[in-house]
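Just passing along the structure, written as structure tokens.
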Amino acid sequence: MHLILFIIFAGFCLAGAINLLLQTHPINSALSLIVVMSSLAVLYLLLGAEFLAIAQIIVYAGAVMVLFTFVVMLLNVGEEEKTHGSKAAKIIGFPAIVAAFSVLTTVILAIQNKLGGVKLSDGVTPMTELSTVLFRDMLLPFELTSVLILVAILGAVALARKEGHR
Amino acid sequence: MDNIILSLILVTPLIGALLIALLPDRRTLSAGVALVFALLTFAFTLHLPAHFDNAKLGFQFVQDIPWIASPNIHYHVGVDGLSLWLIVLTGLLAPIGVLASWNTIKDRPKVFYSLFLVQQTAMLGVFVSLDLMLYYGFWELSLLPMAILIAMYGRTLSENGGPNASLRFFLYTFIPSAPLLVAILWLYAKTHSFDFVALQDAISNGTFPAGALLWASLAFLIAFAVKVPVLGLHGWLPDVFQEAPIAGAMVVAGKLGLYSLIRFHVGLFPQQAVKAAPWMIALGAIGVIYGALQALVQKDFWKLLAYGTISSLSFCTLGIYGATLSGLDGAVYQTLNEGIIGAALFVLLGVLYDRASTSQISQYGGFATRTPMLATIFVIASLAMIGLPMLNGFIGEFLVLSSTFTGTSQAWAITATVGVILSAAYMLTLVQRVFYGQQSNLAIAHAPRDLDLREKFILYPLVTLMLIMGVFPNLFLTGIESGLRQTSGGLAYRAVSLCARPGATCGVQATFPVRGGQQ
Amino acid sequence: MNPQNMPDLIRILPEVVLTITGVLIMLFDAALPATNNRRSLGWLGAVGVTAALWSSLIQLNLPPGTAFYRTVQTDPFSVFFHVLICGIVLASILLSLDALPANQHHRGEYFALMVLGAVGMCLMTSAVELLVVFIALEISSISTYILAGFRKHTGTGPEAAIKYFLLGSFATGFLLYGVALTFGATGTTQINDIAAHIPAASSQLVLAAFALLMVGVLFKVSAAPFHVWTPDVYQGAPSPVVALMSTAPKAAAFALLIRLLYSSFPVLQPVWQPMLWIVAVLSMTVGNLAALRQKNVKRMLAYSSIAHAGYLLAAFAGLGINAIASASFYVAAYAAMNVGIFAVLSIAAGPDEKLSVIEDFRGFLFRAPLLGTLLIFFLASLIGIPFTAGFFGKFYSFATAIHGGAVWLGIIGLLNSGVAAAYYLGFAVKVAQPPAAGSAKLPAPELGVAVGLSLALATTATLVLGIAPTRFLSAAQSGATSFLPPVISDSVKPSTDVPDLSKVRWVR
Amino acid sequence: MSIWLFLLFSILKVAVVTAIFLGGVAYTVLLERKVVGRIQNRWGPSRVGPFGLWQPMVDGLKLFLKEDFIPAGVYRPLYLTAPLIALGCSLLSIAVVPFGSQDITVHGVKVFELADLNIGLLVLLGVTSMSIYGIALAGWSSNNKYSLLGSLRSSAQMISYELALGLSLVGVVLRTGSFSLADIVKAQSAHGALSWNILGGGQIIAFLIYITAAYAETNRAPFDLPEAETELVAGYHTEYSSMKFAMFFMAEYGNMITVSCVATLLFFGGWNSPFGHLFPEPQNIVIQALLALFWFIIKVFFFLFLYIWVRGTLPRFRYDQLMGFGWRYLLPIAMLNIVGTSLVLSALMANS
Amino acid sequence: MIPASWYLILSAVLFSLGVIGFLIKRSLITVFMSIELMLNAVNLSFVTFAHQWHSVKGQIFVFFVMMVAAAEAAVGLAIIIAIFRARATLNVDQVDLMKL
């Protein structure tokens, strides 16, 4: 059961991610990304992170990506133009990515036995434990997030607002 | 008084610079203040020979204050016979420089005079520092004001002449100073001291591996050789001579580099200096000829002076690496001479340039009839440069040549002597073409004035000095020699070099203290 | 709450003060009429930042320790960087007061962003929990992204912002992946605890995590080969903002780098020392060579800042706490002179940044003697002329490196600074060169009180750090002592040998 | 219990609930037409069947049989997906709503709830946030400026009000200490109406915020700007016809029902009777279940009625008023409500 | 049961795809999406490790990453809007007033 679910949703993830790269229209890319995010939410569920799964849906799929599609719609962004990209980025970039990826995979495979496995019966992280850590141990970062969001709001207003009227 | 006099000498020009910067930007005001402070500094420097004890060992007027604990940097200044007269010379050239610039600097005089005084501090600092870091600080500090001055007050009318000369000057000197700093830091890493005396001790005690020490000494050598400049590293000099304002040009070459060579190359690394000596002697001797030959064919008198300077500075190199006491004496003496004669010639050529607005020798001719005083002094200075007996140039050149001939290498001595003859050729040609012969259109058209009061005020002391130094060399040489014997490591170097020669006695070491130190 | 019975809030007092200041600015911004020029907000910000600076000095009286469940740690090191960052922000705010164009939109937000960004930067230096580090980093980055794009009416402003933003977020991705792998390898994200867990962890995973972390951090300090964003961003961003973002976030990132290297991954020293060796050489060489070709002043300074990152990284070739001290000192020195030079540039070029190319500055010394002199002074400091901050910073950094045995690094570095002298001096010479004969006479730029203060601050700092650096040095050194073993871990004794890593020796 | 039995029951439940839900949707439409008719002093549909009761069937048939017209120039893939997303989300959200007591089980399977999640409330929010895509994509893919404007308005409006909506729920969650809807209802069961969140829980402000935000979320009057006929033709579904239009229609009414259900669960004690234990509880489990269902449906009906009532009486907001109201008043009040609630709760906790 | 490494490899693959997207996509907004993909990939790693260590901290981290991503999205999109206003294009290759 777990295997099937994992394969299905991992498949969705990969398909979505690849589709994100292949699609030329931003809105399609955005939708692919939503698929990736939603599938990730399911994977979180499989890993026992129930709260995160739903937070993923609410925050990422429901808020962040809405913002993306909103902007795509607002600016009426058309198809991507096929222009030649930076050659250097490709020449250096791709081998670097392939190398980095293979290194990572080797590392992960090498420590595979240490890592252990994931079972459906592993249980779900209780919300109480989550909130204890969040509101006690991680109180400072939590409060700090408010500053972060304040900064983001300020900035978004300052940048996106048309000049001429305050 | 004795223990703060050096600080006083250093601080006075700096205060002057600050004061000028704060005062309004008016020509006479800035120049006046600068003159006052330059004279004041000069007066303070005169304190040094007056109270200098030739018999005493080691550095005098020492002031040693810990500056930074880690890294261990001290504000450590002191004077010995080697630096004594150089300091006085620097002090003397400052008011002369101010006077020489009095009329020529019209734009932003404030910037000019403050930078000039800062430069003055930096040069004085180089001569008095006994802490390598402090020394390096002043060494580098001396670059920038000069570079800016050249850029701001480039004399030719060409668009980028000043800036290019300035860049060239700066980079030529700055880039070699990078290895120099590395070498200093490397020394520090081993000893945890920047103190000159302590390092001298450490090096002679064999604290350092010889191979690496050779590289370190090389870094020192190159950094200083560029500043002299030694042949091959002289690329910046002609441009600078052509472009720099007179007050700057007269101090830019020679003494800083030569002093540093003696004190910090020969003084710190006697054994390595011996290894370098054959090369340096060769460069020196060839430099004498090369400079002279180049000077012969120059059409522009600034360039002629530049190559002439290279030629006569090469004598100093020769003297230093000839590794005899009299040779070193001669080198130091020649350094002083160069300062005085060079300054005089610069002022003189400046006057010419002021009158005729060109530096092309071919345009001149027959000036002597219109400007007899100028011609006279010019001839005296030229003769001093050539090395006529009774004038100061003779003493230096003679000491160097004779000691090279007897102590080092007859072949090189002869080569250099040829250079002396050549120097007579180019200087006299210059005199002949500028002042004598048929009156040129220029001389007629411009109807040049003779020397005015200010110019006389500059030149008379210099000429007097040439005569005094030519007649009573011992007045100066005693101090210089005592310095060389006692403190600068010159003798250690000589001892080493003597020992290195087959069949030589090494007993000198027993007779004199090999190295100086605070007793 | 914590063993010393100190109220935890005192440990983040500067951040609290800054946050309150930022919020106050916004509230007043809303309350002020639209026609108000909002200079008062800038002054308010300046006062707030000064208060924060002062309050971080108070922390010196506390014994070093952690707060908020071991997420922040105040020690002399963090105080050093707090003071530095607050100083930079103060100077930038004062500078902005006079250098912003008269028609600048969203002035209130501008000042609030500067102050709130400082919260992130400050916290980055005292955070010992990677989560706090991450959020603080984001606060500082996001506020600088926005500030970079503040000249949005120009084509280059938003372009700078988007490039900065995309590449910055890209780097954040790497940093975060590194954090994830660190967490995976060690099971903790507490910076001080990581070291203790490394011996038990899989060394490959630790290495991979470390590499990814370094990519992220080196990106933030704009070290080669992660420097590509710097020139464009500096060119497009408003000069007062560049003064801030070329120094303060970098200082914070360096503080983070130091914490990571010396608190979390001291075991990996055999790996990171040669790695940083290479990065340092690469940064200075690439930076200087590229800067030589630049015609635009801000681009030139951007490349030079890459080179300076290289000089700074050279310090890490040194041994022990000396490396930390000299790196900290270099950050301070670089901050002083770079803020200064950008202050001069923004006043000189005016709010519309009319003077952008080096050629435009020809004869500037004749036009504005004081500003010109200052410009040359700061350039001299960047070159490393003695008795300026730049000299002493460079000297100390290379001294440490050479002391640590990296003589070649010292030679390469100092030769590089020789190359660098070429373009700095080229600029200085252009400034000093008499103006072209036929050129139109431009009016001398005006010098306001605020910008005067800011310039005075930068000049004094540059001079003091060059002439009497003792106090700052000892502050940096006492900061560095925070990394002596007892503080590194208080739970498990770190063991220093990881067998397969210590054999790795690449370049020395 | 075997997994197959569980699956069978689940499928059965899904089928039943979907059927009832869709039927509810159909009759809510009828209800609206009737009630609005009365408000406007007319009869409403009354010809088809007794009291017009067959009207929804006929409407459905009509929509089903109409030509399914796809305009040229639309972006087909999204144009086709959008209504599915909208309806899908609408149907999905009812899955976590419990209609009756959890204690009533058949073979261990809870009868009155499709999915028992302990983060049910968050799932509701998540689904709501996803439902924006239906509208947004519909408007954009239609390649029609009215549609686009409608969908832009709608996305902005939904994002804005979702915040207030979410925050208004926090008070309730704080009081209960759980995200599970069943737990929330249980916490209100002690003393009848007195312990309902709206009264005893002191969440009346939260309720008002919730109901306001929910109206905006469902694009209902007075916040029905995305489909304001006088300004935007028909907003995001201008270009839709036949079944695709019907899907949007069904989604909207489905959302209304869900919102009403949630309001009932969160603030009005769910299936609990308002009289609490005043009357003895019937022993028969079937009666118990039916009674619970009765109360639940009554309350939901009340909220649906309220929806229609509001629509019939209140004028539409202007767009800037709408946004201003959401951000300047609703959001701060919701925050204050949270602060107040937590202060009171902590005070209470300190006392006990 | 499936090995935890599968999740990690999936995460690595997604991360690499994100990096590739960053390099090849030519519209600013899709480049930004690629970055979001990278962050999501990292989140998956975090959750996996949190599961493996039985530590809530990893999950908390993800939670914060989401918050940050939301803030970043707001700012990033604001910048994108600003650049679209100034330049009327979102093509990476046309946003090149300042050449490298």
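The first chain written gets the first letter, and so on, giving A, B, C, D and E; residue counts start at 1 in each chain.
The rule we apply is simple: a contact is a pair of C-beta atoms (placed from the backbone, for glycine too) under 8 Å apart; a residue touches a chain by one contact, two chains touch by 3 or more.
Owing to the predicted nature of the structure, the values given are computational and were not obtained by experimental measurement.
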Leftover contact groups, counting everything except chain C: A, D, E | B
{"item": "Chain hops separating chain E from chain A, counting only touching neighbours", "value": "1"}
{"item": "Central chain (distance from its CA mean to the mean of all protein CA atoms)", "value": "C"}
{"item": "Selected pair, greater C-beta contact count between B-C and A-D", "value": "B-C"}
{"item": "Between chain D and chain E, centroid-to-centroid distance (C-alpha), Å", "value": "33"}
{"item": "Approximate Å spacing (C-alpha centroids) for the pair chain A, chain D", "value": "29"}
{"item": "Chain C and chain D: spacing of chain centres that average the CA atoms, whole Å", "value": "52"}
{"item": "Cα-centroid distance, chain B relative to chain C, in whole angstrom", "value": "42"}
{"item": "Per-residue multi-chain contacts in chain A, two or more chains", "value": "51, 55, 63, 67, 70, 72, 74, 104, 108, 111, 137-138, 141, 145, 148, 151-152, 155, 157, 159"}
{"item": "Shared-contact residues (touching 2 or more other chains) in chain E", "value": "8, 15, 18-19, 32, 48, 50, 52, 57, 60, 64, 68, 71-72, 75, 78-80, 82, 85"}
{"item": "Where chain D touches two or more other chains at once, by residue number", "value": "none"}
{"item": "Which pairs of chains touch, using the document's own definition", "value": "A-C, A-D, A-E, B-C, C-E"}
{"item": "Residue ranges of chain C in contact with chain E within the complex", "value": "131, 134-135, 138, 142, 145-146, 149, 152-163, 165-166, 169-170, 172-173, 176-177, 179-181, 183-184, 187-189, 228, 231-232, 235-236, 299"}
{"item": "Residue ranges of chain E touching chain A (in the complex, touch as defined)", "value": "1-10, 12-21, 23-27, 29-30, 32-34, 36-37, 40, 43-44, 47-48, 50-52, 56-57, 59-60, 62-64, 66-75, 77-82, 84-85, 90-94"}
{"item": "Partner chain A, residues of chain C touching it in the complex", "value": "12, 19, 22-23, 26, 34, 68-69, 71-72, 105-106, 109-110, 112-113, 116-117, 119-120, 123, 129, 131-132, 135-136, 138-139, 142-143, 145-146, 149-150, 152-153, 158, 161, 202, 204-205, 207-208"}
{"item": "Residues of chain E touching chain C in the complex", "value": "8, 15, 18-19, 22, 28, 31-32, 35, 38-39, 41-42, 45-46, 48-50, 52-53, 55, 57-58, 60-61, 64-65, 68, 71-72, 75-76, 78-80, 82-83, 85-87, 95-98, 100"}
{"item": "Interfacial residue positions of chain A with respect to chain C in the complex", "value": "103-104, 106-108, 110-111, 114, 136-141, 144-145, 147-148, 150-152, 154-155, 157-159, 161, 163, 166"}
